[in-house]
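Please find one structure pasted underneath; my questions will follow.
All chains are identified by letter, namely A, B, C and D, in their written order; residue positions are counted from 1 within each chain.
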Amino acid sequence: MNPGPLTDLMEPTGVPAGWEAYGDERKPRMGFFTDTSVCIGCKACEVACKEWNLIPEDGRVWTGESYDNTSQLGANSWRHVAFVEQRKPLYEGASDENPLRWLMSSDVCKHCTHAACLDVCPTGSLFRTEFGTVVVQEDICNGCGYCVPACPFGVLDQRKIPSTLNVGHKPDLPPIGPLERGEKKDGRVWKCTLCYDRLKGGHEPACAKACPTKSIQFGPLDELRERADARLGKLAAEGWNAAQLYGRDPDDGVGGFGAFFLLLDDPEVYGLPPDPVVTTRDLPEMWTNMLAAAGALLGGITVLTLLGGRRK
Amino acid sequence: MPSLGTSFGRGGATTFQQDLQNADCIVIMGSNMAENHPVGFQWVMEARERGAKVLHVDPRFTRTSAMATKHVGIRAGSDIAFLGGIVNYVLQNDLYFREYVEHYTNAPVIIREEFADTEELDGLFSGWDPEQGEYDVQTWMYEGMEVHGSAGQREEGFNATKGEQSGHGGHGGGLQHGEPPAEDKTMQHPRCVFQLLKRHYQRYTPEFVAETCGCTVEEFVQVAETLAANSGRDRTSAFVYAVGWTQHTVGVQMIRCAAVVQQLLGNIGRPGGGIMALRGHASIQGSTDIPTLYNILPGYLPMPHTETYGDLEHYMQANTSPTGWWGHFRAYFVSLMKAYFGENASDENDWLFESLPRIDDDNSVYFTVEQMLKGKVKGYIIAGENPAVGHANGKAQRLGLSRLEWLVVRDVVEIESAAFWYDSPEVESGELKPEECATEIFFLPAASHTEKDGSFTNTQRLLQWHWQAVEPKEDCRSELWFYFHLGRLIKQKLEDSEDERDKLVKALRWEYPTHSGILEPSAEAVLQEVNGWEIESGKFLSGYPELKDDGSTLCGCWIYCGCFEDGINQTARKKPHWEQDSYVANQWAWAWPSNRHIIYNRASADPDGKPWSERKRYVWWDGEQGKWTGLDTPDFEETKEPHYVPPDGAAAEDAIAGGHPFIMQADGRSWLYVPQGLEDGPLPTHYEPHESPFDNPLYSQRANPRRQQNDLAEDPYNPVDGEPGTDVYPYVVTTYRLTEHHTAGGMTRSVNYLSELQPAMFCEVHPDLAAEVGLENGGWATIYTSRSAIEARVLVTDRMRPLRMKDGRTVHQVGLPYHWGKRGLVTGDSANDLAHMVLDPNVHIQEVKAFTCGIRPGRRPRGADLPRFVAELRERAHSRREQDPRVEPEEVRKTTPS
Amino acid sequence: MTEIHPLSEPDGKPPGTTSWDRSITEAGTEMRSYYGRPVIKEPVWTWEIPAYFFTGGLAGASAVLSTAAKLTGHEKLSRTSLYVGAAADIVSPALLVSDLGRPERFHHMLRVVKVTSPMNIGSWVLLVSGGASSTAALLELLGWLKPVKLAAEAVSTLAGPPLATYTGVLVADTAVPVWHDARKELPWIFGASAAASAGAAACLFLRPREAGPARRLAIAGVLAEGALMQAMELRLGTVGDVYHKGTAGKLSWAAKGLSTAGAALLLKRGRRSRAATAVGGALVCAGELCLRWAVFKAGFQSARDPSYVVESQRRRVEEQGTKATTRPEQRPAPPSHGA
Amino acid sequence: MPLAKLLESWPALRQLREGDPLGLGKAVQSPRSQSLVPRIDEAEHVVQSVCPYCAVGCGQLVYVKDGEITQIEGDPASPISRGRLCPKGQASKSYAQSPIREYKVKYRRPYGTEWEELSLEDAMEMIAERIVKTRAETWEWETEDGNPANRTMAIGNLGGATLDNEENYLIKKLMTGLGIVQVENQARI
């Protein structure tokens, strides 16, 4: 096999593999900058996403985890607003007897520069679009589920309920529950498409459009990165506590996010990995290692058989 | 909104949401804007990004607090103490905007000698009548103000403007010319309003605020300082409030107190200033302008009153102010009668005034529920509202409905108010049995906003037209269709009736063009009638100054006159904001009055008509052109010079001087002190909520003496501070809304995507309270009052801060969203089942933002155990109605004359 | 006083104290997490996958054994392994297809050739080796077209070892700590396990005197795999804890027990007793099945507990300074727009 | 499909032909993905509307196809909302198409234990009758103490805050004509 193309997976080039192939059809790389310092936790993004993409309801479980009843990204929630209550002041050194801040952050697929889900997909259902985003093709996905554990952010998941469940005007449908007998689960894997269809039509993604405070900003990635740097500088000047950009730089483990964030605390506080790495970065090494093992197996068996000598 | 009406002249927000971006400081109080008005909140965020300070003063730490530069936690219901504290701080430290106060407010006006303040009468103002339990406002008047004619008429004149009527300015101002008789420009006279204010609030020190509200002295001072530092010539601050203020027995006075603060700081009528009243419903402003309220006619014209108005002339005299725009009251009224009755209303028959129905002091919705419970109401029509969940004391509401003869419910889904007879807590407990409920019920499916044309008036007085997108399916119909055809059918039935009783309904103009297969009446035709036209020529009117009192014009709502100017639907103007010259965007839809966005905007210029500062220029006098100009439509006669002095005998608007921006007021000024129009006092005073674990630190008069209580067995009250059994209901409870749901839930618990976001009724408590009573996060709690008990999931959170009160007492507050009921995709107990029906005297709004409760772990008792459980606790608490009635301080006073 | 109903458990949520004190993880370690929720998703794979790990390994190794045996004149053994391998090769795709969320779309696996996707490459390998070995077995059975049969055997012999070992890469090429961090050992472990199972499986059908190479293979495989497992756990450190916890713990214990017992039996009595050979073979097969299952389950447990993900990454941040975050001091602050 | 064409469209070959050797992009794009068109571009007409929830007054664009709403989103032209919506406003399509929305008149007779069907026409007729009858039975020309009343206190009307101005106008006009004074709405609450 040709290790050539593999090695460039390891290079933090910041250029998404598979994107150049579009040649002149290639569009500027689009993405999200989610600025959590202005997120009011209204969840408009979650609803806008579901309305546009006709995603089935994700169940009605009250969690007791602040105002978050969505809990995590998954096949039926492509935006998830996290709510974190902390006994910390919003501004550094603010003199407050009992400091308190309420962090809110709208999580989404990161559309990684080096996307594990995309790499491991065996069918080519997951692909890199002309906008540099990563999309699951629902007409191709056969639900093998490989991308699910491959994603370092736990974004993708298999839809275990029927696709149509509680979508739109369907009075006969039951609320989310265990599958009825004979009811067929969708079985495919779903995630944020960065509204691929809307982008093709020249519209901004539904969540970004809805966001009341423009905590979710959509645009060409380079532009967003500049904006983010300026924003971080401003917050630093205003003394915001632990403000930091997450996934902004092309030299991180996934070559930078297509959808990156401004957080007000470390990533793990929001349920995000502090140092995500695209698993396929180590694939060439793994392949070589495997070939060695295979050789050893071949040799080993032969040797062991020979030990007994030829039988007449 | 009488609070804003009496203070400034009009019952609406003084500014518009986009203008919040120009504020240097925004005080959000009595509102959780980020959660309940998220998209409007973008303008607060814009301001914050420009460096404005955002202060959130609220019992809870909400999503708004999370965005604020500072949150100050106060005890629910203690807002006047806090605001009064600011007034005092501003006055004591000379932080007020002297020039503005002197010229634009009634601070210099001298009040009658007979007036006595609460500071003198231990919590009562002069004129308290213990027998009636109400005030005679005579002594509150301006010095030397001529009282309308004889004693007989005096009564007519002066009790005239009440509730929403006064919500639109003190009508019968009683001034015979534009200037108050007695003034002291130096504001030194001991009886001038300025000095009265000083004395009234002198005890509202930072320390008093801290121990009454439960915040720290530092927090309070920081708020006062920041606010004052960001007000004046070159800076402006805005106040934002919502039902966190209105839903109190002193709701109107809370807003009034903010109005006082804003007047002293010179923030009214200026960019980045004002008081932004946030209304909760798409057209709740519209439904008071064109009221579905008992006590007013369109445009805040008072309904005729059983006791007050003998005939048209009395009615006119009582409501026509000789000065200011209420000088044209007759024109407004006559034009409305022409719109209602056409040629049937004429000068000869006094425009049918004699035949109009008369109201009593209170025929409000809670009065009606009382009457239902007493079996006096037979028929009821509910259109797009859900009292069974949304109104205080849900049990009383539902039982009330169950005693009707017939009920019509119009909604998009089958709400609790339609299903109470087979699915309600009362059915569950056996107090209500379907086979014993006589109510005949018609449920009619309604059309949604996408299925009809029409206009909403939003929170900033902006009329916005929405076009129909699709046809309503099957039996779904608009309210326009329902009421039009209902009227048509009724008129048909009464066609041949000779009965005097039917004269008025037969006289109604009821011709509207209809379209489409279902005969939907044309909403635009109705809007045209609202705008009005000249009967002779049929020419559409361009504004209320064109209205005539001789019956030659027709207008369905004078303040909306101009919304169909030139026969063009002005409310349907949709010119994109990026194509408009300023952020005011006055070519988008149409704002009343006369497309003015910041009202009283003449105050954005100094007495000479020059902007107070370049930074805050908005509307100013253009010497060359000899007219007022600026970013917005001037809220002033365009060519009236800044130094215009009314000649003697000048009337109506001509009697208002060029230096007085508040053109609806009889004296053209904003009112720091309200001589008339309010039921419970000319100045806001701190009273405890009806139910409170605390006594009034200022007076032996504990709560608002004028608050409306009732004698219903279904509405018992919890004991209050100092009474036996207070310990049964030791906690303060406050109710509220969440971003994910809408009021009683009919419009959101029916939507999957919203139901899953907030799927269950829950209560918010602090870890200390949780430890105190043994509540666990994620578990269940039972919350109870004398009215009822409900269960809710427990959310333990630091956001419900316990507050340190006077003499070191700690008060815990329980937070309850009130969206849930028994119907819909997600169900739960209703917080309003716990609330009582004690009301604000001016607007008859219930106090659900602050009352008392008990809480314990576990789910509530089921079935018949529930009422038993509630009754047992009530007995233990010696609560009213079971034991001797509580003796209220004001009742004591009845026997001992003050 | 009326009794209030006792506190009832909310849906699957342990009643905590306050919501944010709830970051104690399954691992019992104190760390910051989002309400103790997983950072990455557990695999959605079901029982078919570990079963396939076993059959695939069996098929691959058996093909080699068959050829090697033929070359050394162990005709009976050769034929047995040929049939065993073919059988395993035929079961394998069935297992894989039935695990798919959309089985009818199984052929999409062959839409592309993706070197970045072990599952895709694996599909091609399985196609080749399965096709070859089953062809060979069929022709053997019918005694037709000898040259074609030989060619087919050759192909399956070459495809066998990759088939037996790529599954190690398959699981290692994920974000699951206990899998990804074991990428060095897993292909070897799976290879050894495959060898052991191939030998053991053959033992089931052979008399002691025909089973020599198979027996040796089984014993050697078990020994090798045991050593490799040790090496892996040693290198995994705390991440490897899952092999001593929950289901994975039980399974890996069973795997060791069964395969060791089987190997011992083959070693001591295998030369003489037919029964011992069969029983020993069965025990080893069972052991290998358990081993695959243990690795499979370990992945789930490792993914479920955020501490494994976060702590290993935090350690990396401290040690290697790699990270995904940027603090203000790391960027030139532009002119502040005023506080 | 002839074999040649089939091979033509086989991504495995396109990988080589289309310069996407890893098969991560263009080569594996399905025909559906290539020809994707956003729903809103297929709408027959778009209507400018206003959000029915709170009083902020956000602009909405309602997209319609085959007489059904296919999407509702913010109207960028609005100076108030600038095209943004909150979760409620964003869900107003789901509200208009709620799974539990009622489309038929329901009637419950006195002491009835369940809903019955009723035609809209009959319902309107019956309601009109009830109003006329109750009004006639309970009319008061005067209050107890002899003041003019011209009204009935036995009928009330509740609602208005979510209704259009035009609807409220007809309600107040009709009720005043009928002498029904107990007309109230959410503004009171």
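To be clear about the criterion, contacts are C-beta pairs under 8 Å (C-beta built on N, C-alpha and C of every residue); 3 or more make two chains touch, one makes a residue touch a chain.
These numbers were taken from a predicted model, which means no experiment stands behind them.
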{"item": "Core chain by centroid distance, with centroids computed from Cα atoms only", "value": "D"}
{"item": "More contacts between chains, A-C or B-D", "value": "B-D"}
{"item": "Subunit A and subunit C: spacing of chain centres that average the CA atoms, whole Å", "value": "26"}
{"item": "Subunit B and subunit C: spacing of chain centres that average the CA atoms, whole Å", "value": "69"}
{"item": "Geometric centre distance via CA averages, subunit B-subunit A, whole Å", "value": "47"}
{"item": "Residues of subunit D whose C-beta touches two or more other chains", "value": "11, 22-24, 27-28, 72, 84-87, 89, 91, 94, 98-101"}
{"item": "Touching two or more other chains - residues of subunit A", "value": "2, 5, 42-44, 46-47, 51, 61-64, 66, 85, 119, 124-125, 140, 166, 212, 214"}
{"item": "Interface hub residues of subunit C, defined as touching at least two other chains", "value": "10, 13, 15-16, 18-19, 22, 111-112, 114-116, 337, 339"}
{"item": "Touching residues (chain side subunit A, partner subunit D) in the complex", "value": "2, 5, 17-23, 25, 42-44, 46-48, 51-52, 118-119, 124-125, 127-130, 135, 137, 139-140, 166, 168-171, 173, 195-198, 200-201, 203, 206, 209-212, 214"}
{"item": "Touch list for subunit D against partner subunit B, complex", "value": "47-60, 62, 64, 67-69, 72, 75-82, 84-89, 91-92, 94-96, 98-115, 118, 120, 123-132, 134-139, 141, 143, 147-151, 153-174, 176-189"}
{"item": "Interface residues, subunit D side, partner subunit C - complex", "value": "10-12, 15, 22-24, 27-28"}
{"item": "Residues of subunit C that touch subunit D when the two form their complex", "value": "110-116"}
{"item": "Parts of subunit C lying in touch with subunit A, wherever the complex brings them together", "value": "10-13, 15-16, 18-20, 22, 31-35, 37-45, 60-61, 64-65, 68-69, 71-74, 99-103, 105-106, 108-109, 111-112, 114-120, 123, 157, 160-162, 164-166, 168-170, 172-176, 179-180, 183-184, 187-188, 190-192, 194-195, 198, 212-213, 216-217, 220, 224, 299, 303, 306, 309-310, 313-314, 316-317, 322-329, 331-334, 336-337, 339"}
